[in-house]
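Chain nomenclature is as follows: A, B, C and D, assigned in order of appearance, with residue numbering initiated at 1 for each chain independently.
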Amino acid sequence: MVEFRFPIRVYIEDTDAGGIIYYVNYLKFMERARTEYLRSLGYGKQAIFNSNLMFVVKSVNVDYMKPASLDDELEVTAKAIKLGGANMVMEQLIFRSDELLCRGEVKIVSVDKATVRPTRIPKAMVDAVREQ
Amino acid sequence: MVEFRFPIRVYIEDTDAGGIIYYVNYLKFMERARTEYLRSLGYGKQAIFNSNLMFVVKSVNVDYMKPASLDDELEVTAKAIKLGGANMVMEQLIFRSDELLCRGEVKIVSVDKATVRPTRIPKAMVDAVREQ
Amino acid sequence: MVEFRFPIRVYIEDTDAGGIIYYVNYLKFMERARTEYLRSLGYGKQAIFNSNLMFVVKSVNVDYMKPASLDDELEVTAKAIKLGGANMVMEQLIFRSDELLCRGEVKIVSVDKATVRPTRIPKAMVDAVREQ
Amino acid sequence: MVEFRFPIRVYIEDTDAGGIIYYVNYLKFMERARTEYLRSLGYGKQAIFNSNLMFVVKSVNVDYMKPASLDDELEVTAKAIKLGGANMVMEQLIFRSDELLCRGEVKIVSVDKATVRPTRIPKAMVDAVREQ
């Protein structure tokens, strides 16, 4: 379960009156990286939306170490650090060069679209995550 | 077609690194006021979502006069200034006390949900807008 | 340290293609409630911005129980559950009537604006939080 | 004054409960493309923030033709179509392959940071825009 890295540029829309990135927006960056990670495994969002399951975010835990600023070039990682039957915990780190700015853990759960009940993550996807 | 006024407080989420409101967010404020205006006429968003038509935004034209800042208390107006068969142009002003900060014109079109084709705005709604 | 409650209406800007509130946006709602809580104690954001200290978010932990939808009327609480020398942990609950949709813990740290080093929360503020 | 093109992927954060991109967010996409266009001419946002002038958005006019959806790959153009002493009008088109989804005109004004008064766009920048 190696680390996936995705580059993100900071735009004015991401900042706040404190002159730095609005801390809430790091969660959007993490989701972009997660999305691209899953797409790289063959599970694009559209593919997931078209299947009979979907992923919902169950919890997020984020620690903020250092702020990022306008125009910064960041790298956001995505790595599965726990794989249960119907859920997966992703660790997501945000770097500016070698500096770690922010660390998140995001728990996502696979649910059936019709019933919205937890449902087993498809084996092919589990295998893809494990091999990656 | 009198003016509807809706109060909005500026939070840190609305600002940018320039220290003022991020100009794009005024469009969200305008939509909140439009939504509350339609709700006041008996057309809450949920009601609209549950009917067989929906409204889509066709164009927006916004002039920015003065910036607003964190914590400001604004008032956003909504007033239909044109009513066609399937569309409506709303004028929306954003004030801080007596100062006009921003003026927008938003054209919305009533479309059939199934076909996404323009469809006549229901007479009851037209009447409600006219009388208001 | 009683609970403060703040009403928030869900608008289209808050939703996502899943048809529910985009989970990241609950963090904005929590900040609105925190801001209003501090304002109710005499510490409006502007007042804080004008002083020589500011508050930064150090960590957020959020559990999502049930989704909210367009047009829902929510109530967001803010309550200090831990008060250190330079930091404060707030518990924030989001309700739709009696249903708990979401629970967050947000740790904020008081820092000196010039040095960005942690600095003691003013005694008057600690007292205000305690009495509240 | 040729056209600059910038690719943008649609993420869940960009969508709304209608299942499409929230129309307000196209303005963010346009600003990203404008920012990259100016950077390509040697005027990165940080460079502008560090100079004694800044650019403010004076007006936006946007026409929406067709909606974009989750996961779509868009291209956003930026082209100066008018260059005054202190202002510039940019035309910005949003495409999905050959389909034009949205067209915007954004007027930006160069102002002195200290006085916030309109100030002449530097000749080097005007030349860079003209030659481009």
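Just so we're on the same page, a residue touches a chain if its C-beta (ideal position, glycine included) is under 8 Å from a C-beta of that chain, and two chains touch if they have at least 3 such contacts.
Small disclaimer: the values here were computed from a predicted structure and weren't measured.
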C-D or A-C, whichever has more C-beta pairs in contact: A-C
Most remote chain, CA-based centroid, reference being chain D: C
Inter-centroid spacing, chain D versus chain C (mean Cα positions, whole Å): 33
Centroid spacing, where centroids are CA-atom means, of chain A and chain D in whole angstrom: 28
For chain A paired with chain C, centre-to-centre distance based on mean C-alpha positions, whole Å: 23
Contacts with two or more other chains, residues of chain D listed in rising order: 12-13, 17-18, 24, 28, 31, 49, 69-70
For the chain A and chain B complex, residues of the former touching the latter: 12-13, 15-20, 22, 24, 69-70
Contact footprint of chain A on chain D as seen in their complex: 11-13, 28, 31-32, 35, 44-46, 49, 69-71
Sites on chain D touched by chain B in the complex: 17-18, 23-24, 27-28, 31, 49, 54, 56-64, 67
